[in-house]
Amino acid sequence: MAVALVLVLVVVGSILFHILSPWWWSPIASNWGYIDQTLIITFWITGAVFSAVVLFMAYCVFRFRHREGVKADYNPENKKLEWWLTAVTAVGVAAMLAPGLYVWSQFITVPDDATEVEVVGQQWQWSYRLPGQDGRLGKSDNRLVTYENPLGIDPDDPYGQDDVVIEAADLHLPIDKPVKMLLRSIDVLHDFYVPEFRAKMDMVPGTVTYFWFTPTRTGTFEVLCAELCGTGHGYMRGIVMVDTEEDYQAWLDGQTTFAQLSAPTTVGVMDADEP
Amino acid sequence: MSVILVFLTVVIGFSFWWLSHQRLMSKPWLEHGAALPTTDVSYMPTAKVALGIFLAVIGSLFALFASAYFMRMEYADWQAPPLPAVLWFNTIVLVLASIALSCAVRAARENRMDITRLGLATAGLSSIVFLIGQLAAWRTLSAAGHFMDVNAANGFFYLITGMHGLHILGGLVALARVSAVAWRETYCSARVRLGIDLCAMYWHFLLFVWLCLFILLAGWAGDLVAICRQFLA
Amino acid sequence: MVDATPHAEQGVPPAETPELELYHPKGWWTTYVFSQDAKVIAIQYSGTALAIGLVALVLSWLMRLQLGFPGTFDFITPEAYYQFMTMHGMIMVIYLLTALFLGGFGNYLIPLMVGARDMVFPYVNMLSYWIYLLAVLVLVASFFAPGGPTGAGWTLYPPQAILSGTPGGQGAGIILMLVSLILFIIGFTMGGLNYVVTVVQGRTRGMTLMRMPLTVWGIFTATVMALLAFPALFVACVMMLFDRLLGTSFFMPALVEMGQLMSYGGGSPILFQHLFWFFGHPEVYIVALPAFGIVSDLISTHARKNIFGYRMMVWAIIIIGALSFVVWAHHMYVSGMHPWFGFFFATTTLIIAIPTAIKVYNWVLTLWRGDIHLTLPMLFSLAFIVTFVNGGLTGLFLGNVVVDVPLSDTMFVVAHFHMVMGVAPVLVVFGAIYHWYPKITGRMLNEAMGQFHFWVTFVGAYAIFFPMHYVGLVGVPRRYPELGDVAFVADSVHSLNAFITIAALIVGFAQMVFLFNLVWSLRYGREAGGNPWRATSLEWQTPTTPPPHGNWGAARPIVYRWAYDYSVPGAPEDFIAQNDPGPQHRGAV
């Protein structure tokens, strides 16, 4: 009796916790509402299966618990029932997978008008690079990283000269403009994670990874690192501010370009540090 | 990961073939009685079955090394070292060891003790020569400056040949034990025959692995992949 | 009914095999220490696994204390936290669960359940344990190494695993970790060959594959998978050791650490992740399949009913085993690998849910019209189903590539894998120990202590990990020693964290009661007799309990039926043992 009751309580308690608890995802600030919807579909389907299985079990425990003189049924299998259950499960799985794959195909298809923003992770801070006037990011290499050139931008690449470098400071993004976040790391794996944007991706030294999204609400959002990157992992925080177009331009005008940053000493520094 | 997946497909295919002979579709609750169909426990010596499974594990190990090799090869800094010429000689020596063991297997079956011993000795000696040859190949490479930390391709060369050499070395221990018994006994007991069979199986497999590795390290496997890719594109 | 007895006599190896090549111990040392008896080895494996598991349990307390009450405990620095976390994960997954299910239960149950006298290679089996012990000792040694154990996370992702920004990265910690894993794999391969070959070659007369208990099927399939998957970890460990000690660049790209350009270049951290998860995902099923098998037998025995859909259960185990090799990259959806892989791996991952779901249905359908005895093993089995279904279903969130994107690397993942491969298999371990302890020792475990242990563990573990999903949903990342004040996290989440910590401490305490029960019942437990659960499978039919070396006395048993003849209509008792020839033969054979 008690066991059946506890099983029922587990189901009821879990559902009540889900509905009543204040702990839910932070309000979305990007275009990835589809991800949230897929998640909701999954919650419904899995919640129904969980409740059904456990309640069925509770009923069995209550109804068929041991009584003197009662013998169990002898029933090795029931082909029809098993195939039915398989088919129903397959339909349920498909109902989760299909929207999932559909949204994933959107997730990996970057719109053509997305502006590129580079995020550079290093132990344990975030830096950023914007493509500047020409709209293109210059080449970069970890081997070129020096104190004066913290992001390892190739000084010989003309596209790199006007790149806006934001070292260990806040990133600003204009609202409602799709951005392609190019992710790069100087040292170890990091992961650019802003819970409100829903999207994230690891940054891998040696390659450039990416994801895209469109900020849909202005405000200040915290950046966290979501891939273990050493002792300071838990303290690797940053700020992303989503601005209106005017605020964004005002902020952008106050930033320095790579050329300005390295103008007086570029040549000498490079010669000295070439391995 | 394509190499390991191909390898696993073969292993899983073999397992399913074996399982398909185990009456997986039967309804056990309808069969009462001490049924033991002929397909049940096999008459193969247990040690042979065990060695077969162990070889699958070794195969998986080297298939994974090959997979890693191919995946690492895609990166820009890859620069394969030149193939030391001594590897050709080593390959021939290892083939010789395998042939010698095959002869030993046959001779043991016909109970010709002297040829059996000759076969075992030849196999052992040529395997040792093979190992020395591999060391010579390492020396050639390092003398030319192809050290392990210069390029990942060099690292793979030392790592993979070393791993293969260790397996030969382990086999030599087993071979030495079988040989010791073969020298002590006057006729080929079942035990010696089984031991020689197992050694032969192991050596043939390691020869096969070596030939694959040779193709891999010589760069022909990479060329083949490139050609296939072009063909597909 | 098909009766196969008459024509089975020709060409069959004799059942009365003498105790052929068993090495009989001559003294105390070879009986209890360097024993070649699979049952003794099983106990050694289990004892060592539980001992090191206890260390991991204490580490989890320390982590929970830090998470629940950040800033209160000065000695838990971020370095220490990461070291605790790494060691806790590695010990639990490899050195506790894998070793316990395969080395412990596999060694004890396989020979007994298939009617063998011992494993086929007892000497190799013994070596397997001693190498495992050495691996554990090397692991423990890393706690005392300068710089402490590695804090790279149990996934050991390079580059950070071997760099100075990670605890133990430039010290001995990571080296000892890798060496210990390599040793473990070598030792395991020796044992694993034994388990597989014993099932293939060592079965007694009449024990066809389709008459084997599902426990054997589960352990057998898991061992085959482990034999093929562990080489991937071996390769990854060896290559990482080379990178760390010899300066190769297999996994290490050009990078600048703390303003210092390292000499590495061109390597691929993703390559490591592929190798690691090629082992790591099958590893989940290496732990789960034995649990599936064992729980099937527990439910069937204690519900006095044959397992529903035995054939489907066997096929599902095999299919899960094969499929688990093509889902590995679902751990890498946000790793930066080619995004197209997401389609393939999400599909395979969700497909594997189907055979798994069939297993769940068949467990609960076995209860239908059963005669359910609510014994401790049954209670733990029921709890297993609840937690496994819960954890399995959240796997559908994480396996579905796009849903994984916001949830990956949050506490949701932590809650999911603890529920599905922590709590669920451990509940099976407990159920199995309550079930087989009488066979191993001849005495029953104390019921009152067992009830206390069960209720606290089940309810407590659920209270720890169910709310934790919602911590992750809020967006709290995993592997953070403290979160601090973050705008998107309400203060109430911190209270929830404190609640989880208290629940964890209580559950941990209940395990002490269990350990005490194990020792106490050894002496004061009720005498069990040979077959206290009135079970059908062979291990309960040994002539003496506990079974001696060689298991079967003069003759090995002959098997006449499958392992699930419970409540057969017309039979005088509610079970018929596997070696019972049945009424029509009982006189003749």
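As written, the chain order gives the labels A, B and C, with residue 1 at the start of each chain.
Operating definition for what follows: a residue touches a chain if its C-beta (ideal position, glycine included) is under 8 Å from a C-beta of that chain, and two chains touch if they have at least 3 such contacts.
Everything quoted here is computed from the prediction, not taken from an experiment.
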* Central chain of the complex, centres being mean CA coordinates -> C
* Which chain is most remote from subunit A in terms of Cα centres? -> B
* Structure fact -> Set B-C beside A-C; more C-beta pairs touch across A-C
* Asked: Between subunit A and subunit B, what is the separation of their C-alpha centroids in Å?
  -> 45
* Asked: What is the distance in Å between the mean C-alpha positions of subunit A and subunit C?
  -> 31
* **In subunit B, residues with contacts to at least two other chains** => 27, 29, 75
* Which subunit C residues reach two or more other chains? -> 265-268, 306, 310-311, 564
* Check each residue of subunit A and list the ones that touch at least two other chains. => 76, 206
* To do: Under the touch definition given earlier, write down the residues of subunit C that touch subunit A in their complex.
  => 78-79, 82, 151-153, 155, 157, 159-160, 163, 165-167, 169, 253-259, 261, 265-270, 303-306, 308-312, 334-336, 339-340, 342-343, 346-347, 350-351, 353-354, 357-358, 360-362, 364-365, 367-374, 379, 382, 385-386, 389-390, 393-394, 396-397, 400-403, 405-406, 408-410, 459, 462, 466-467, 470-471, 473-475, 477, 479-483, 486-488, 490, 492-493, 496, 564, 566-569, 574
* Touching subunit C in the complex: which residues of subunit A? -> 3, 6-7, 10, 14, 17, 21-26, 32, 34-35, 38-39, 42, 45-46, 49-50, 53-54, 56-57, 60-61, 64-67, 70-78, 81-82, 85-86, 89-90, 93, 96-97, 100-101, 103-105, 107-108, 122-123, 141-143, 145, 147, 152, 183, 185-189, 191, 193, 195-196, 198-207, 209, 220-222, 224-235, 275
* Report the residues of subunit C in contact with subunit B in the complex, numbered from low to high. => 1-5, 8, 11-13, 120-121, 189, 193, 196-197, 200-203, 205-206, 208-211, 224, 227-228, 231-232, 234-235, 238-239, 242, 246-250, 263, 265-268, 271, 274-275, 278, 306, 310-311, 314-315, 318, 322, 325-326, 558-562, 564-565, 581-582, 585, 589
* Interface residues, subunit B side, partner subunit C - complex -> 1, 4-5, 8, 11-12, 15, 19, 22-38, 40-43, 46, 49-50, 53-54, 56-57, 60-61, 64-65, 68, 71-72, 75-78, 148-149, 151-152, 155-156, 159, 163
